[in-house]
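Attaching a single structure in structure tokens format; questions to follow.
To keep things simple, chains are lettered A, B, C, D and E as they appear, and every chain counts its residues starting from 1.
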Amino acid sequence: MTLLLALIPILPLFGGLVNACFGSRLPRPLSALIACGAVLGSFLATLGCWPGAAGEGLKTTLFTWLQSGSFSAEVGLLFDPLAAIMALMVTGVASLIHLYAAGYMEDDSDQARFFALLNLFVFAMLTIVLADNLLLMFLGWEGVGFCSYGLIGFWYRKTENAVAGRKAFIVTRIGDLFFTVGLLWLFARFGTIGIEAINSRAAELDPTTLTLISLLLLGGACGKSAQLPLMSWLPDAMAGPTPVSALIHAATMVTAGVYLLCRMFPLVSLSPLAMGVIACVGVLTAFYAATCALAQREIKRVLAYSTMSQVGYMFLAVGLDSVSAAMFHLLTHAFFKALLFMGAGCLIQLAGHENDIFQMGGMRRRSQTVFWLFLAGLLCLAGAPLTGGFFSKDLILATAFAKGDPFHLGIYGLGVLTAGITSLYSFRLAYLLFAGDFRGEELPHELPKLMIWPLPLLALLGLSGGLLNLPHLFGGRSWLSGWLERENDLLQIPLQSEYLLLGVAAAVFLLGWLVAHFRYRRFAERETEVCKQFFLTGWQCDAFFDRLLIRPFRKLCYFCWQGGDLGLIDGLVEGFARACLQWGHAIRFLADGRISRYLQGFAWGLLLIVGWFLLQAVR
Amino acid sequence: MTAETSITFPWLSLLLWLPLLGTLLCLLWRKSAAACRYLALGTTLLVLLVSVGLAVSLETGAGGWLLFEDYRWIDAYGIRYTLGMDGISLLLILLTAFLQVIAVLISWDMRKHPALFFALVLVLETGIIGVFLALDLVLFYLFWELMLIPMFFLIGVWGHERRVYAAVKFFLFTLSGSLLLLLAIISLYLLHGEQTGVYTFALAALKQTELNFTQEMIFYLCFMAAFVVKVPLFPFHTWLPDAHTEAPAAGSVDLAGLLLKTGVYGMIRFAFPLFPLAAEKSLPVLAALALIGLFYAAWIAYLQFDIKRIVAYSSVSHLGFVILGLAAWNQTAWEGSVLLMISHGVTTGALFVMIAMIRQRTATREVDKLGGLWQSQPNLSAFFLLFCFASLGLPGLANFAGEILILIGVFSSQPLWGAIAVGGILFAAAYMLRLLQEVIWGPCCEPFDKSDLCRREWLILIPLALLVIWLGCYPQPALDVMRAPIQLLLQGGMP
Amino acid sequence: MIVPLEHVLILSTILFLLGLVCVLVRRNLIMILIGIEIMLNAVGLLLVGASAFWQQIDGQVMVIFLMAMTSAEVSISLAMVVYLNRRKGTVDVRAFDEMRG
Amino acid sequence: MNLLELQSLLPQLILALGATAVLMGGAWLENRRFWLLCGMLLALVAALCAALYEPPLLEVAGMYSTSLYARFCTVVWSLTIAATLLISCRYADLHCFGGGEYAALLLFAAAGMSLLSAASSFVGLFIGLEAFTLVLYILIAFNRTDNRGAEAGLKYLVFGAVATGFLAFGIALIYTATGSFHFAEALAGLQLDGGLRPLGLAGWAMLLVAIGFKISLVPFHLWTPDVYQGAPAPISGVMATAAKGAVLTAFLPLLAGLGDAAGEIKSVLWLLAILTMLGGTFAALPQTNLKRMLAYSSVAHMGYMLVALLIGGEVGGQALLFYLVVYSLATFGAFGVITSWALADEEIQEYAEIRGLGYLHPRRSSALAAFLFSLAGIPPLAGFFGKFGIFHAALRSGYTELAVIGVLTSLISLYYYLRPIIVLFMQDRSAYQLRSGCREEFILLGSCFAAILLFGVYPGPLLELVALVLP
Amino acid sequence: MATWMFYILGAITVVATLLAITQRNPVHAVIYLVNSFFALALLFFLLGAPLVAAWEVIIYAGAIMVLFLFIIMMLEIAPGVEADRYGPNWLQWLPILLLAAALGICTLLLTGLDPVGSNGVPHWYASPRDFGYALFKEYALAIEVVSFQLLFAAVGAFYVGRPERKSKSPAGGDR
């Protein structure tokens, strides 16, 4: 079983390496085949390991990575329920996306690089999921960052793409800094970086340290999951190929932050302040991103903001002390968001590589299948009752409500508002995409079969995702909570409140739909200019950061370079050199070639010596 | 080879003088460029072979000297020919031997005075190995200075536009530090002689000298002056960007990969054990300078237009990390420092190698004129990507292991330093990604030579890449080798 | 006693300095050489005086050597003067500043 | 003067008589190269004789000692002259030197120098000094096709004569004070209450001026660059090495004879050493003429040697002699390279003229580079151990400030040593194509190079020898 | 008597020398100098060195000064080479005179501090016989060396002073 466990990450790694080293020499379909095969194999291995996950879970240590003094980092895998469910999701969704990508990238000349990176990404993601210590997790953490960087800038010929990749890497790295400090601090406190060990001994920490460490971990999570204030990279990351957006920026990597918080939950949950902050960050991000999504014109950016918003919900769930709600939403979201992205990919293809939804419209006529599948995804996203998204989101909101205190009620209110906006922008998207006539000029491109057929599976999963953790109200058993051994996540609220909550959720959904219906049924660019610009640019955050951070940073750099290095240090050194040379010139011109001058030198020298001696003698 | 012969046979001297022999042969056969090439390659390979052989056959885990040689040399001053190799030296010598092979290979097509070039490269190797082996202070100083002349010529003759300025700056900067070192060495020797009546320059003996704090501090500062300039620590670093930028590929590789390490080596082998009290007092200053340099260099690197300059400043930044690790003064941090030295040698060496290849194809190092290299040279660009990411400290690649150990070590003794230092990782990413951005991504600027890697270049890059990955994924063997010596050094050095 | 030794000293010092002044201020090569002769004669005076003071012959012997040396020097110097005059057409030392700096 | 005395002065006798013989022979047989080689042989024989032949008397005529120290100096100066003759072979051809005169004058200079460093009385000192100075006047102006040579000759002559006046006046003052010319008595007589008598101080002041001129200490150094530049390169080599060395070596026992009473003199020497180190170094910085640069560099090196001199004793003496030998090797080698590069109508000495020569004449250029590096004190060349010895001596005797200044100036000096090297190796070729050197030059430059390398790597034997011969 | 003679002769020497060094015409200067040397020779005689006095007259006043005169005549050196072109002399002389005065004062003060100075110079007479004995017995070696020197000085003077030959062109072009 441990071998099988080891195979889970190794297979994609192997696939990635093979593609990276030899991909360009392999015959074309082979690289895609290897990639898909590796991930599928990994999925199967995960399935094979599944039985071992229950309870304590499977553990294996491959080798010691770093050991120095009391510090020791093993390459060890931990396959506990949380990891198992995550791994299953990652490998599963990744398999489907790989298949989709095989179709999507059919004609691309750089296929091997794409699949190499994609496979490596899966490997890195699985490392995050399966790592039994924080350092190994960090390896995966940075690994996904690297792959994301490589894939966002995959079409490197356009500078914007590469710049977007860089931005993603750097912004997430800001988060990583916090993670690193947290990691260092944890090691300094516990003398170990094993996740289980830390979690079990978390209570030993004093509250302040605990809060600070939790906040640092939150910082790391924010970076990777594009939460406030480190969110600005995600919309730009949509420059990458669509499967990448689907896999990395929707289903898996952006949820790594959530996963991290869940992983370290025993630690994090001990600090009420940190929990509050997490919840706030989550709900604020959810709200912020939802408003931004309202105004976006590019289909993938809408989805990106929606992803951000949904991940915000997950953070909220963590902040509300409910791991299972977070994981629940994570799973359903993974399904429907992957679906949405892949559907978007199909739509873009169908619209003739047109991203702008204002240039689309009437897409239903181009492909019925895609319409239905995409709609299914949108319904889940909007939280249409009985879809997976509905249940998971509702669980989070209900948990917030159940806390009962004003703070959480406020959060609940904001969450509900966000849900409404979510519904609104979902249907805005739907109407803009499918209603009316095609507004662009491009002819549809061929849609490879391979791009279609992973979608129904995801649609099914998304729609029925609610079953994973179906609340008792609907006769479910809350399986996920049970599996994660988080029985206390189950809500203890009166039945009528629960009905009320459901009602509110459904009402909000409907409200959003209606508004969208009246507003976007017929296409017209009607948004007010200011508002549009404000939301379109993500509340002007990029400009704000540019002014606040990047420009001063460049100025600082420039000052260090010109002022410090060239001016001060080199100036001093060269000034000294020049002064020496000048003295040299001065002394040199004593020797002006005149004999009488030279002879005077004698006389002066003699005077010096005699005078000196006279002084000595007198004394 | 049995254990006995390995002790009696002067392996260290062999290691030390082999390159010089190569130099002589090169100069003898200076008419034929090909002969010199192969001679140089053969010699460096032989050195590599011997050092790897030593590494394999010796019991590297043990503390103490793995190999030791001691002969009379200049009796008038009590100077002896004392060589000793412990784990740290061994690792650094392995690095030296390896990088020299790379340096020879990268200069394979050297058309300008090839014989002299290879001869100098080999002399440089002797100098560097000598620094890593010498245990007599004068002998050490001799090798320390011996490195200067070949490097001066390598920069000055085979360098680029501002080569003379750079060469002179390099020479004067480094010499200004080392002359103070010389004064301190002599004074220490005299003091020791006055106290014990035995006039000797042996490190082990001088360690026993009784110094009051002022003396110790002065000596320590003089010693550090030499080492700090070589490392180079902020604010003594400005020779480095110029030297790196102007040096030919092999020169940059040697400079970044090896010469800088000699400074750090000098600190841990000589300055710290000889003057422990002063060293202890100086740690905060050292750490502060290291931290400033770490950020400062990274910031400056971010704005550079010359890709070599970017990498050069990155060296300053990384070496700041190394020094920070030393300043933390504990096992983990020191192991991290030594490991980072080695991995920095490999990654930065690799980057300079790649820059040379890029320059060969594009005839420029200006970022503005570069771009989209992936389009015409995907293999080359892939390697470049790998090394850049190794350099910015991606986990699983070379630099990360060292950096994280340093951070852990620093954090456990001085959390604040550690927390600040973490920020350096961010800026490393900033300038490295900018470098990548400007070179391999973006719209294609037509290189005049569109060929991808040739066989020789594969031969250079693959070992480098493998080493980068190996050091990132499984640095444990290296750590095991350095463990015992570092323990000893932290306790005040070997007797 | 003829005079105190001091007075011999003073006389020779004055003579020596007069020679030195001549060497320093004159621009004519011949005059410079004459100045040098004056300096050497001052030395001779001192040596003879000291010789008398110590009632030893050595000082006087030294004067002889001094004279021999002087004549050797003068012969070379004057040859040089002739040579230089032939080359430059002047005995003004200011003409000889081709090398400087 | 009896036979034993003559035997004791055998090397000097060989030199002087040999010089006369060569002079006379040269008048009959006009074969330049033959007489040069002949002279070289004589010098070598004299050196051998001085090295191997144990003189029967310890002191000759109360003027010259025949101690090991004196014999060592004789060997060194004879070898220098032999080397000069060897390296001048082609140079003399090129400039149509009178072979006999040239060789004879140089041989006599060797005799004078060896007498000077063997002097044990002021008379001997004066005569020895004058002997080679007189010869140098001629040798400097020996090149009759060159205006500069004449000018240099004039300058050296005027200053030399003035310095002679100072020297003689100094000796006269000391004689006045003590009534003796012999070092031991005179120096003992000068002392009073552990210090020097005022008259002695005045005498020493004059002596210092003369010595300062001879070994070109600041501020008596101004003639140096001009004369070196104008003199024929081999003669500049002799002047920078043996001529200065002879004065220094004569001065060393003189100062040692004063013992503790030399405090005031040492304080002046201290000042002069600092002035000289700084002055020479700074003035050399902007030079663009190889010979002038070497001249100023020799000034700076005299400063270092002055440090060793004023420290005195075993440590200082050892450092001084070692430094002197090593410095002489390098400086002579450098002038040798210039000699070997000389053209018929002029010498190549401007930096602009040696651009890129390093690759056209690699052996001579690398030798020059090595000599310059040695002068700069960069290991593994002998100059390093020279400086090492000086700094060691300075620190050991508590002259830390001198050591620090020495270190500072040797750092700055590096720049002007590097400049010709840069010009040679790092700049593009200029138009000159020099003739390839002759065998004699290569032998000499090769041995200089080998020696500085050998003494840089294994200075032990020389150090021991130097320690052995010290008085 | 001898004392008075000393002071008178000393005064004559100084004045004659002073006149000699201030003369513009080198010929006049030489003549004054010969005067000065005669007085000096008398001083030598006074101080008990008759032989040296004789030589002073023969060698200095006789040979050397005549040589000077001869050269001056031969080269036809115009009087006042320096003054004609370079303005008044005294202004240039002033700093150097001050320097010399300072030097003189310092030296004299220094020598005056010595106790030996106040002792008198006795009447003493070194006969030529004593002199010769010392010269050729004790200082024989020095005589030899000096004679060599004279020889080489003569050679040098000849070499330097002889007219230039048409120089043979050296073998081969250099550039």
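Basically, contacts are C-beta pairs under 8 Å (C-beta built on N, C-alpha and C of every residue); 3 or more make two chains touch, one makes a residue touch a chain.
Quick caveat: nothing in here was measured; it's all calculated off a predicted structure.
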item: Partner chains shared by chain B and chain D (touch criterion as defined above); value: A
item: Per-chain Cα centre nearest the global Cα centre, belonging to chain; value: B
item: Most distant chain from chain E by Cα centroid; value: A
item: Higher-contact pair (C-beta pairs counted), A-D versus C-E; value: C-E
item: Chain A and chain E: spacing of chain centres that average the CA atoms, whole Å; value: 100
item: Gap in Å, rounded to a whole number, between the CA centres of chain D and chain C; value: 26
item: Centre-to-centre distance between chain E and chain B (centres being mean Cα positions), rounded to whole Å; value: 69
item: Distance between the centres, which are taken as Cα means, of chain E and chain D, whole angstrom; value: 29
item: Shared-contact residues (touching 2 or more other chains) in chain C; value: 5, 9, 19-20, 23-25, 27, 32-33, 49, 53, 58, 61, 65, 69, 72-73, 76, 80, 83, 93-94, 96, 98-101
item: In chain B, residues with contacts to at least two other chains; value: 172
item: Where chain A touches two or more other chains, by residue; value: 577, 588, 591, 593, 595, 599-600, 603-604, 606, 610, 613-614, 617
item: Chains grouped in pairs wherever the two touch, ordered by label; value: A-B, A-C, A-D, A-E, B-D, C-D, C-E, D-E
item: Residues of chain C that touch chain E when the two form their complex; value: 1-11, 13-15, 17-22, 24-28, 30-31, 33-35, 37-38, 41, 44-45, 48-49, 51-53, 55, 57-58, 60-61, 63-65, 67-76, 78-83, 85-86, 90-92, 94
item: Residue ranges of chain C touching chain A (in the complex, touch as defined); value: 20, 23-25, 27, 32, 93-94, 96-101
item: Partner chain A, residues of chain E touching it in the complex; value: 96, 99-100, 102-103, 106-107, 109-110, 113
item: Residue ranges of chain A touching chain E (in the complex, touch as defined); value: 600, 603-604, 606-607, 610-611, 613-614, 617-618
item: Contact footprint of chain E on chain D as seen in their complex; value: 1, 5, 9, 16, 19-20, 23, 60-64, 93-96, 98, 101, 104-105, 108, 111, 115, 123-124, 127-128, 130-131, 134-135, 137-138, 141-142, 144-145, 153, 173, 176-177, 197-202, 205, 343-345, 432-435
